[in-house]
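Order of writing sets the chain letters: A, B, C, D and E. Residues in each chain are counted from 1.
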Amino acid sequence: MMNNMSAMTTTMKTKAATMNPSKISARGVQVYYGDKHAIKDVDIEIHPRSVTAFIGPSGCGKSTFLRCINRMNDTISSCRVEGHIAIDGEDIYDPKVDPVQLRAKVGMVFQKPNPFPKSIYENVAYGPRIHGLASRKSDLDDIVASALQKAGLWNEVKDRLDAPGTGLSGGQQQRLCIARAVAVSPEVILMDEPCSALDPIATAKVEELIHELRENFTIVIVTHSMQQAARVSQRTAMFHLGNLVEVDDTDKIFTNPDDQRTQDYIMGRFG
Amino acid sequence: MMNNMSAMTTTMKTKAATMNPSKISARGVQVYYGDKHAIKDVDIEIHPRSVTAFIGPSGCGKSTFLRCINRMNDTISSCRVEGHIAIDGEDIYDPKVDPVQLRAKVGMVFQKPNPFPKSIYENVAYGPRIHGLASRKSDLDDIVASALQKAGLWNEVKDRLDAPGTGLSGGQQQRLCIARAVAVSPEVILMDEPCSALDPIATAKVEELIHELRENFTIVIVTHSMQQAARVSQRTAMFHLGNLVEVDDTDKIFTNPDDQRTQDYIMGRFG
Amino acid sequence: RDQIQIAGSSTVLPYASIVAEAFGENTDFPTPVVESGGSGAGRKKLCEGVGENTVDIANSSSRIKQSDIDNCAANGVQEIQEVRIGYDGIVFASEINGPEYAFTPADWHAALAAKVVKDGQLVDNPYKAWNEIRAELPAQPILAFIPGTKHGTREVFDEKVIIAGCEENGTYEALKAANNGDEDAAEKACMALRTDGVSVDIDGDYTETLARVDANKNGIGVFGLSFYQNNTDKLRVATMNGVSPSVETIASGEYPVSRPLYFYVKNAHLDVIPGLQEYVEFFVSDEMAGPDGPLAAYGLVSDPELAKTQEAVQARKPMGPLN
Amino acid sequence: MSVSIIILVVLALSALGYFLGRRRALSLAAESGGKLHSLPGYYGQTVALFAAVPAFLLLIAWLFVQPVVIDARVDGMIPDSVIPEGGARSLVISDVRRIAGGLDAVLARNALDEGALIDGSVDFSTIRDRLAEVGIALGNDVPTEVFEAAKVYRQDTKVGSTAMAIAVIALSMGLGAWSFMRIRPDLRARNISEGFIKSLLIGSSTIAILTTVGIVASLVFESINFFRMYPASEFFFSTVWNPQFRGGSELGILPLLWGTFYISLIALLVAVPIGLLIAIYLSEYASKSLRSVAKPAIEVLAGIPTIVYGLFALITVGPFLRDWFAQPLGLGSSSSSVLTAGIVMGIMIIPFVSSLSDDIMNAVPQALRDGSYGLGATQSETIKKVILPAALPGIVGAILLAASRAIGETMIVVLGAGAAAKLDLNPFEAMTTVTVKIVSQLTGDTEFASPETLVAFALGLTLFVFTLGLNVLALYIVRKYREQYE
Amino acid sequence: MTDVSVSANRETVSRSKSILTVDARTRRRHAAEARFRLMGKIAVAISILALVGLLASILSNGLSAFRQTYVTLDVYLDPAKLDKQGNRDPEAIAKVTTFSYAPLIQKALTDAMAAKGISIEGLNAKGASELISKEAPANLRRYVIADPSVIGDTVSFDLLASGRIDGYYKDRVTMESAQLDRNVSPEQLMLADELRQAGILTTKFNWDFFTAPDASDTRPEASGLGVAILGSAYMMLIVLVLSLPLGVAASIYLEEFAPQNRFTDLIEVNIANLAAVPSIVFGILGLAVFINFVGLPQSAPIVGGLVLTLMTLPTIIIATRAALKAVPPSIRDAALGVGASKMQSVFHHVLPLAMPGILTGTIIGLAQALGETAPLLLIGMVAFVREYPAAPPEGFFDPASALPVQVYNWTQRGDPAFVERASGAIIVLLVFLVAMNLIAIILRRRFERRW
């Protein structure tokens, strides 16, 4: 099996290298948590203005890899990243790169909703404020309102923008976090299971949002729902035990995957 | 619409009252967060040894109502519950009732995974320990192992039971919380979106677990996935804006709902 | 710096502050600042060097030591004047409602020493009550609050009461014999006090001793005369060798336990710090330090040779090496 | 120009720099239509910081260096002949300073100007009287050399402070202007100003190190002197503490260390359980209103001067323990005892444990509590098994702080436990601590250069090393049991 | 354990079927819960009780310090005594010492007694004049020197009664104790009673206690806290301005920015250890560094403030670090995720959440700093200071005393009248402390929240 796998990755490497241009390109990425080898030699190209879905069984390293893309892994002291990830051709692990600027460009929605213990308004306004996106209060109000609308939360909270963000329901918190990420209009948005806590309608709204955003932005989304991956993404990457099993056009992956594991996973025959 | 709705609830009331016996029966439950009226006059009967699914758009009060059933709402100081909820005919809001014993009997898995900052083993062993379920270390080991197996986490963590529970991936954390709840073998298990962070295989495992547990236990599950509700539950309750729109056999709800809103929600035409 | 800086003894502090206050009131000079950090620390500060951020005067409840003078010299403080301002009486007092005590140094030695002579034998101190030592003394348990080893008073107490008593009651001879005639060792052995809680060292001040006497009604405390004079309604003073302590009996030398108090002036500062010379003269003037002055009224035993001191101060006569 | 005016000017320049920098950033961005790298405020901040920080550093350095330079110059003008017998050069120099200060006042009083002083049209033959008029008292008459030196001193100081004002303000303006000119839309202003702030943060944390260096340095020198006079083996291993005035003291540290340990232990045995229980009660059980009153109230315990506790120990607790416990149990009849001091000290340090632990426990996320309640745990089980472990690092910190306070306390020990150094297990016996003896040996009546006084430094150093060891241990324990929540 | 079998005997654990009847185990657990809770209550009660007890003793001893007995006399400022040459030359008048003023007061008192027809057997004029504080002549002298033209007038003065007389009206001195007391006689007390009847002797609120400087041992009635309050205020100003920002800055660096390595461990241990350094050692440090090395003046609040700052820093740092540690990492992630810099995430989110702990550290640290005497002993602030320091910043360099120093000094004095004053000073100190911490306490309450 080990042989099989490494053969596979080699094939992919050559394939990926021929595809151009890509917004994000990763080469030989290895991630360790202390001794634990969580991501093993991953190479991937992520296309601009498109949605890439990461799928794979729980614990396979999707979140970990996602966090590498905006260097959120810097905050975990035990975490060590090797290899090369470039956005627009610029190596993001270059010492000259300012992770802050990077993160302003590459927004993130986390798997567990983590609103600030502040008001709903402040939660969304925070990003635009620090990036100076609004010079007047009314601009800021507009940004907040439109972000909340995009995240499908506006109707539920418009009367209580001053209420604490932590007093929302689970799904509302998740949408608040989406609104917060959208409000700074990043170029790339990383979404770690943004819809897991959402009902179908809210999910539909977020998917619609993703669809809209795709026109201008690059989106990477981690999801456990094959249906969702199929619905929203143009390309899909399948992870397993820290390896990138395969990455290809979504249609291809869902109809005719190269790898048996992908096939099995999609058919729910895995584990 | 208001009229329509109250008419509806009256119908349901009479209907629910005629059905017997029920494990959990709620009458006229109202929940307020400060001024916010989060649950409005809900009456529901939950049948023993069966799975009841709560569905409804985000923020409609599913979690809130669920938390009423094991009095977890007691911990939110701004939260006020009115009405009457009985388990096995005993009013759980009776001053004589001991919430601790109640919660031992009515287990809960939360929407946001909340592992203790302890080792994986200790996370699961915690409940059995406080309830004195194991007299010997080996018994405890057995309980922990079987709970982790039921939650489908065993294989991933069996080599690192001493690692901190907070170092797991999102889905792993959620399964850890399920294992933790199962380990005390409660009579009723309340699950607030237990599978939202899980991949299809893990989800399938949990659904299998639910299926197994149903033989002996009463299960209430909040889910956003209609498919899941259809797969696992015998009965489904639909919430909307704090109201219980309708509750009935799952087959009925998914094929021929009484209420237009249910119809719309299921068809994804809502909002 | 405009004002005089004084540091040193807490025993001298009350007198120094009375003088400083009067000095500030009656002259154009600001009131001197009088620190209290202990005689040793005061002399150390005096000897730290010459200059504005060193003190001008050190109060001391005991005579300066040669090592201090050497230290001074090493730091460029060449000339210091020694000014003796009077005597401090040391009294023994107990709770006002308790019995009267008439002590001799021998009684104290017998009460507090680690080893005493009993029936011709050198034994561990067996005494529990005063009347076991001498039948005339009251039948009270022995409990003494004596100054701790940080206080200069302890030195005087050791010398004028314990060692004197040791010699009086013959223990000294016995100890000398036991130490093969070594006088130093015998003296040291004389001063070894019992450690079974009968003799309690006080590291604090007289108010602590007073509070302890208050809490232990049969305790006897060692106080300064002025402190006792301020609390005559709470304390009953004991006689020593039949003499009751007072300013007069101490001045005349009848009452045995007393010690001189001093201050030391850094001559190099005399013409630099405004008012320093005036302060020194004011301190030893008859108006302040004389037998009818406020210091005596407060309990300082006026120095019979005050006139000499006044002359010396006028002449700014530095002290020579200790003999 | 006085220092405070210079400071004000620099502050004003820096404020001005802030506004100009901000405006320039905004207008440049508007002109070029490009996006600013950072918020406009950060551009202002860089200008402000460049205008202020180096200028202040220069000011401080100048203030230190100038007197040294001028003193050296003046020093050269004073021949040895004018230094009085037994006096010191430094005193003459301070005379110079005083005269120089007085001259200003004299000139002001006589409504004269600089010229008059220099061309000698003012009669300074009676300088002493002249100065006395303006309240500058001088000892003896002033030699001409000193007077000349004073004039030079005055002149130099004037020139110096003018130069300083010019230099500081010029630096402020220069760097301010430079950083102002440097502003371009893509300038990483936030990184610059954050870099500045970070170096301030680093600077602050080095103060702790410097303090330690200072403490060790100020203790080591005299400790070495002590060990020259007194054998180290005796000091560390002797069980007798008995200083004497006439020499031949026995200065063994063991009874003092034992007393310190014993008293602190009892104090912690009182304070830790009570303090933790209070923290638990206040953070988990008590109503908001009770908490908001009780917490500050309990904190007052830490602010009551220790003399009050000492007297409380001496007058109330001591006799009580003696009459009700020690004597009936046959454990002695001392009214000062380790137990007395320990209990009273324990009460004093309760707030250190309770308030800090309360804050930390309050910070444990509610989700963890919910998780535990959801499993049917009682509140106390939740607290003991979930909240306390999660809050452990903070709680250990609080306990260490309390222990530190107990080790450092003197008044309560003096009044409550007495001054006798003893090695004994009986808690009803009087004992004393290292700290008490440091204070009493330092403030005592012994000569300074004697082992009896110098021992205070050796005691301080030993205690320092000792507590260092304990702290390393505590850090190790915390690391081992730390539980990090999300 | 790999071979897992669900043990059947688990079900045998007896659990009550009904939630209304509590099973034995749960009952035991509840009993434990109740005990635990009760222990908490007892702990709070103990500490509150201790607080109340201590405060009660302080108040009962010290409240009387806020009232003081005065004697109102019409004093004839006799030119024959005060201005022998009669030309009102200020220099000559300034040469007249307080010793010459005392007879004027004695005469005024005798006159007043005669006017009211008061005479006490066995009490001569000198004895009667001992009713009046030794401070009184100084008051008169100051008055005259301020305006020599009043010489020759008869002026009404409120003069302090001596400490023992004052004590008589505060139940400290009784007729019985006066019998034994060397410093007061029953006759004098009788005279005081008569004067009180005649309205000459009154007890009023003692403003001077807050404004007057310290006085020597012979004048407890004249001593006040003016210099001490100023000294403490100056020092606390320095401590607050330096230790809070420095402490918080150091903690932020160590907790949020510093790389986790041996060196940071060293600093961490080092700071914890500094907290354990006895305060007197900070005094040694202050003497060596600030006075001997830097050359700052003795007895000055600047040195005291710096020393206390160094002493308070560890407390604040330890509290702040603990509070920073307790902030959940998910909050930091959230901020970084929207592109906030580390600095911004700390200052915007982490710091506000850690605020309660920081403020607690500040409250406790300042309480300690305000009440500390030992380090001041070595830098010369434990001193008898009568001159007020100037306004800051110059005043930072003038000699001053401090509240705890005043307490410490007064408790050491022989005259029992100082006991009341020391307790009074403690009350002032506590009020000062509470006032100083009030803002912190209120702020802390606002920042406290659970998430």
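The rule is simple: contacts are C-beta pairs under 8 Å (C-beta built on N, C-alpha and C of every residue); 3 or more make two chains touch, one makes a residue touch a chain.
Note that the coordinates shown come from a computational prediction; the quantities given were computed from them, not determined experimentally.
Participant: Quick one: which chains contact chain A and chain D both?
Facilitator: B, E
Participant: Show me the overlap between the contact partners of chain D and those of chain E.
Facilitator: Common contact partners of chain D and chain E, which must touch each of the two, are A, B, C.
Participant: Can you tell me which chain is nearest the middle of the complex, judged by mean CA position?
Facilitator: Smallest offset from the overall C-alpha mean is found for D.
Participant: Farthest chain from chain D, going by mean C-alpha coordinates, please.
Facilitator: Between chain D and every other chain, the largest centroid distance is to B.
Participant: Could you tell me between which two chains the number of C-beta pairs in contact is largest?
Facilitator: D-E
Participant: On a C-alpha centroid basis, what's the spacing between chain B and chain C, in Å?
Facilitator: 83
Participant: Approximately how many whole Å separate the CA-defined centres of chain C and chain E?
Facilitator: The answer is 31 Å.
Participant: Take the average of all CA coordinates in chain A, do the same for chain B, and state the distance between these two points in whole angstrom.
Facilitator: Chain centroid spacing, chain A to chain B, equals 29 Å.
Participant: Rounded to a whole Å, what is the gap between the Cα centroids of chain A and chain E?
Facilitator: Each chain's C-alpha centroid was found; their separation is 59 Å.
Participant: Can you pull out the residues of chain A that are in contact with at least two other chains?
Facilitator: Residue numbers touching two or more other chains: 100-101, 112, 130-131.
Participant: Would you pick out the residues of chain C that each touch at least 2 other chains?
Facilitator: Those would be 10, 37, 41, 52.
Participant: What residues in chain D touch two or more of the other chains?
Facilitator: Within chain D, the residues that touch at least two other chains are 190, 311, 365-366, 378, 381, 442-443, 484-486.
Participant: For this structure, enumerate the chain pairs that meet the touch criterion.
Facilitator: A-B, A-D, A-E, B-D, B-E, C-D, C-E, D-E
Participant: Which residues of chain B touch chain E in the complex?
Facilitator: My answer: residues 87-88, 90, 92, 94, 96-98, 100-102, 104-105, 130-134, 138-139, 141-143, 145-146, 149, 158, 185.
Participant: Please name which positions on chain B make contact with chain D in the complex.
Facilitator: 70, 72, 75, 99-105, 107-110, 112, 114-118, 126-127, 130-131, 164, 166, 177, 180-181, 184, 186
Participant: Over in the complex, which chain E residues touch chain C? Could you list them?
Facilitator: Spelled out, the residues of chain E in touch with chain C are 94, 97-99, 134, 138, 141, 173, 177-183, 215-219, 291-292, 295-299, 377-378, 380-387, 399, 409, 411-416.
Participant: Which residues of chain A touch chain B in their complex?
Facilitator: Within the complex, chain A contacts chain B at residues 33, 55-59, 63-64, 111-113, 152, 156, 160, 167-172, 175, 192-193, 196-205, 224-226, 265, 268, 270-271.
Participant: Mind pulling up the chain C residues that touch chain D in the complex?
Facilitator: That would be residues 9-10, 37-41, 43-44, 47, 49-52, 60-62, 65, 67-68, 70-71, 76, 78-79, 148-152, 154-155, 158, 188, 191, 195, 197, 200-204, 208, 211-212, 214-216, 267-272, 274-275, 318 of chain C.
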